[in-house]
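Once you scroll down, you'll see the structures, which are given as structure tokens.
Look at the two complexes coming up: chain A is in both, with chain B in one and chain C in the other.
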Partner chain A sequence: MELQLELKSQPSTRRFLPSPAKLAVNALMLLFTASCIIPLVWIGYSSLKTQAEFANSILSLPSAPQFANYMEAIKLTNMLQLSWNSARVTILSVLGITAISFVTGYITARLDFKGKQAMIFYYLFGMLVPIHALLVPTYLLFKNFSLADQWYTLIIPYIAFNLSLPIMLVSSYVMGIPKEIEEAAAIDGLSFSGTMYRIILPIAVPVLTTVAILQFFSCWNEFSFALVLLKDESLRTVPLGMSYFKSQHSTNYPQLMAGMILSMLPVTIIYFAFSSRIISGVMSGAVKG
Partner chain B sequence: MGKALRPKSWVLLAYLLPGLLIYSFVVLVPILAALRDSFYSWTGGPKKTYIGIENYKEILQDHVFWHSFLNNVLMTVYGLIGQVGLAFVFALLLMSKMVKLKGLHRTMSYFPSTLAPVIIAFLWMLIYNYNYGLLNAGLTKLGLGSFVQSWLDLTGPIVLLASIPLSWQNIGFFTLLMLAGLSSINKEVLEVAELDGATGIRKAWYIIIPLAKPTLVVASLLCIANNMRGFEHIYALTGGGPGNSSSVMALYAYETSFLRFRYGYGSALAIAIIALTMLMILLSTLALQRRRHQKGDVY
Partner chain C sequence: MKKRSFMLGVMVAAASVLSACGNGENEEAAAESGSTITISLMHRYQESNIGKSPEDTAVLDGLQRFRADYPNVEIIEEQLQNEDYSIKAQALAAADDMPDVFIVPGSWMDNFVTNEIVLPLNGEMDKRPEWRDGYRPGTLDAGTREGQVYGIPIAAGPTHLIYYNADMFGSVGYDQFPSTWPELMDAGEKLKEKGINLFSYGDKSKGYAMSSWISALTDRINGPDWTESILNGGGAKFTDDGFVKGISMMSELAKAGYLNKDLNSVDTDTMVNYYFEGRSAAFVSGIWSAMNVVNNAPEEITSATRVAVFPGVEGGLGNPLSSSGGAGVYYSVNSGIEAGEKLDAIMTMLDYMTGADSAKLMAEVGGFPAYDPGEFDKSKLHPVAQAAYEASAAADATKIFDLWFDASIVEVLNTGIQGVMAGSSTPEQLAEETQQAYETLLNKP
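And now, the complex of A and B:
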């Protein structure tokens, strides 16, 4: 199938016939790309089958699309509640991450102060430390401070563990802004805070948007801390709710698939809406990191 | 920057403090607390008994823990091949003029990275499923019915099978990382090399790989850090099973604490995991950097 696609697209771009090497390379890349989405396409259309139809032939397309699986999955997972919990935690965490990384990133880019290198190193350390080793001590800590099992519980680790990369991204972005702008603002009598919020913040909107989108994914998808810090069923996030749903209803595959599709819907929409910005954000983060 | 823009130090502190506080509370304080608790025998109740380094002695003899550690190492090796290695090849191909639809490849291959690890694990559980799995169905379709089996019950290659979803999810990210690194290579160097007759594989081997070394080092370190702390995929895909065969360190620490209520020992495990991970990262940094210096001498 990949090969055909390639052959079709060739004549329009090039007059002469493509070389075998070119064909092979393109076929390989298309195969790679296809392997990244075929499993998802499979659960996509399988979620529209009845259980009997799925058991009969797992590869065939649904004869008549069934949306009953989705209705059932929404009801059984309590998907609306899960989504609300996830959205609340994610949005507040992302706002916190963006605000803190803007201020910290701006200051590290522009000011020299005692302990700056140590602070940068301290934040970098967070990218390497095996956070999942800390599930136990974090749980004990949160329990001692009565911070576990609250609607805001997850916001704390989600902000903390997602600061390292955003601070670096903001910092390197700010370094690219000419200093003259701030000097002019200072001459006009604007204070440090005034310059930061009124001059730099609007300029930094693109990088802050990138930070916000990237951290949205990591907060929305987080599982381990939600697993450990939340016992209250009404506070569960989407990934957590899905894992309980899976263990309780593991035999009805089309229904499970419908639940999976529902749970990936927000990130899928955001990803395809902003994919070019996300990809350039990841790439610039990669160069700086 | 001029003196005029320098804020008073209390203003500076006020700006930096919220971030540092919340970060310390979740990153530093738990490490210190775990260090303290690791010297106690403690089941979570009010009674804590100081036992010195007994927990650490037990770790040294704990076969399950060391088996989990080896699994982490094995996953790291698979990750370096399946994520960093393959991603480098794909990035090289995507850099070449031969490949069409580059935007499509980039967009689609990164998409799995944005999905929750739990969902990735469920997806692969369905792929590996004996009766209804995509893998067995594919094998049957290809006439390879004799290979059909209950994949996740195989104790032998279970770590490899569990590593495949991880690679599948992360390869897009590493491809982007490599592309970023490769695109920062000076174009003129590549053009001169081409004029001198270095094309295709020779260009990649003699020119691009040495120049891309810093990117490869960063990617490898990230990959090591990722795999040493792997938890979610394994938790959701195999739960460490069959038996303990696919257990990883973080999963074992989790089970020790939350299922067997050995908080003291669990804390000691947490410290051991951090120490081992840092050691691995340090050793690999040293190894990779030394090689880079040697190469640097040649040029």
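And now, the complex of A and C:
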């Protein structure tokens, strides 16, 4: 009887009295979490203040919530148009990136050919060149080919400049898939492209999902190309729209924050919906690679 | 093969003849029916700022009036926020693809003139003497090179005014803003005891110190001749006592703890907010901050706000009332535009956007236009905006260094002053570094 009691009480003391080291680690993690969440909470309640309230004290809570800021932000920026433009460009770019990175990643992982190393280096190099160095040449190219200022303009650089990392991810993931599966498929008479699409594609879905989600954020938030390549205001994307809240010498912070919350909504929803996929995708790529 | 290339040649020739005819006919037809002229315009004035910023309000009102009066002119307009404009305009300029009309900050003017991006406008201005002569004295200067006007100024406000809380200064025994530097330091000490900063200061974006402090302060001590001598290579040096003294006065304010400690890591928006929160008794800024105080400060702060300029300096050679100022931003025309109907339309549009009517409106809503608005209705102006306007009109405008000095010197000063204010370098060191950059510039072939 006594023995049983002891056994029962042991785990309970463990649960309630963790070691100091664990406590410290947890506290540290909590601090990190807070440092990410507090700014979001602050943006959230600040978006409900009047500008005078905000100027009076940056940290205080709103005295009476101003939902008018949201209405004003939607009206001022034509938020629906901005979101539609962003969504159209982003979704098509992400589809393009995922498709191209799958094929290229598979080929670099599985085939040996002349110039393969140079190709891989070329893609890696893409990650090293800062976007701002490329703005002027890209603009010139687009202008000379009459590609600037169209609804599809941004899709081209978004796909081109976002390929490096996805190709690396897919490539390392494919390397982790046993070759025997493909050999078996080949023996059964499946062609190279058949193997790629019918055997490997379903296995690579986790890493492709990761690629798609990561690139969704990158394209949705992109600013520099959208600024330089577009003139027509009706084509502007969400990040450009945020500038409506700034004037040369002052900024309407509560409205800007309302606009930010609205612009963050789609990406936040997507993140929460797919967060487990993102993590498992990155992990599987990492472990198998 | 020969036959094919001959055919190709014939087709190309025919196409070019036909297209040339076509163009000619189109142009004539357009002229006859008075139909569309298209002007592309890129500027940093936004509809979302109408009513908040005097410049945006006046310029866009002018544009709207022009559109109504000239329906045959189509304007393809692109409105961009200030920093976004800088990024895009520089990219377009590098690609030699500027729109027909665009904004050029004074500090870019040298570069744009040298690279023949902007059109000289003397001929066009001379056709419209009444408009040309309406600009306040000196406002065309920073847009003029070797006698040729390349830019039409918009606003001309001083970049140095002091907005101060009269109640706070009253509570430490000053009925008005201190009239000498020792008095100012004394007020700073008394305010510090109450836990209030004398000035809030925000130089995160580099350039604030130069435009709102250094240009005015150096002029108080050295007088305008020193600045001219620097610009002409006439022997003045940055290591001269006057310049070092001006920088020292700024660093003493920081050292004594009269400014906010985070002075290099907050921007001017935050600096103004500190004043609104009552954490400082004053801030130094341009006339553009007047409407910010009127629109956004809590009521008790707005009603206590008055406007002043730096006090005179004992033994100083400059006018103690002067303020750094003048026009800083210009509308320029693409050098590819030829004289004719289109250029006429552009000049008329610029008259609408910056000339008499627009200037009057800008003054009425609290701005300081480059074009002299003459008499205007001051009844609607808030007392703070009116005080800022009057201080501006009374002040001698002295040159803003960042518009006039070479970019290499501006860069050294903008970066160096942060070190001095943070206490990591001395005014003497900054003066020495600036002088070195200046000498390098002078020795350039």
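Throughout what follows, the second predicted complex is superposed on the first by the 227 of 289 C-alpha atoms of A that agree within 3 Å, B and C clash if a C-alpha of one lies under 4 Å from a C-alpha of the other, contacts with A are read in each partner's own complex, and residues count from 1 in each chain.
One rule holds in what follows: a contact is a pair of C-beta atoms (placed from the backbone, for glycine too) under 8 Å apart; a residue touches a chain by one contact, two chains touch by 3 or more.
These numbers were taken from a predicted model, which means no experiment stands behind them.
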In this superposition, which partner touches a larger number of chain A residues, chain B or chain C?
B
Which of chain B and chain C A:Ser146 touches, first, second, both or neither
neither
Does chain B (first) or chain C (second) touch A:Gln51, or do both, or does neither?
second
Just chain B (first), just chain C (second), both, or neither: which does A:Tyr244 touch?
second
Just checking: does A:Phe113 make contact with chain B only, chain C only, both, or neither of them? Give me first, second, both or neither.
first
For A:Val228 in the superposed arrangement: first (chain B), second (chain C), both or neither?
both
Quick one: is A:Ser263 in contact with chain B, with chain C, with both, or with neither? Answer first, second, both or neither.
first
State whether A:Leu135 touches chain B only (first), chain C only (second), both chains, or neither.
both
Give me the intersection of chain A's contacts with chain B and its contacts with chain C, in residue numbers.
55, 58, 135-136, 139-140, 224, 227-228, 243, 246
Quick check on the complex: what are the chain A residues that touch chain B?
6, 9, 13, 21-22, 25-26, 28-30, 32-33, 35-37, 39-40, 42-43, 54-55, 58-59, 96, 100-101, 103-104, 107, 110-111, 113, 119, 122-123, 125-141, 156-157, 159-161, 163, 167, 179, 182-183, 186-187, 191-193, 195, 217, 220-224, 227-228, 238-239, 242-243, 246, 253, 256-257, 260, 263-264, 267-268, 271-272, 275-276, 278-279, 282-284, 286-287, 289
Going by the contact rule at the top, pick out the chain C residues touching chain A in the complex.
42, 44, 46, 48-49, 52-53, 55-56, 76, 78-82, 84, 87-88, 91-92, 94-95, 97, 268-269, 272-273, 276-277, 286, 288-289, 292, 295-299
Residue set of chain A touching chain C in the complex reads 51-52, 55-58, 76-77, 135-136, 139-140, 143, 224, 227-228, 231, 233, 240, 243-252
Spell out the part of chain B that touches chain A in their complex, as residue ranges.
1-2, 4-7, 9, 11-12, 15-16, 18-20, 22-23, 25-27, 29-31, 33-34, 37, 90, 93-94, 96, 98-101, 103-112, 114-119, 122-124, 126-127, 129, 131-134, 137, 141, 168, 171-173, 176-177, 179-181, 183-184, 215, 218, 221-222, 225, 228-232, 235-236, 249-250, 253-254, 257-258, 263, 266-267, 269-270, 273-274, 277-278, 281
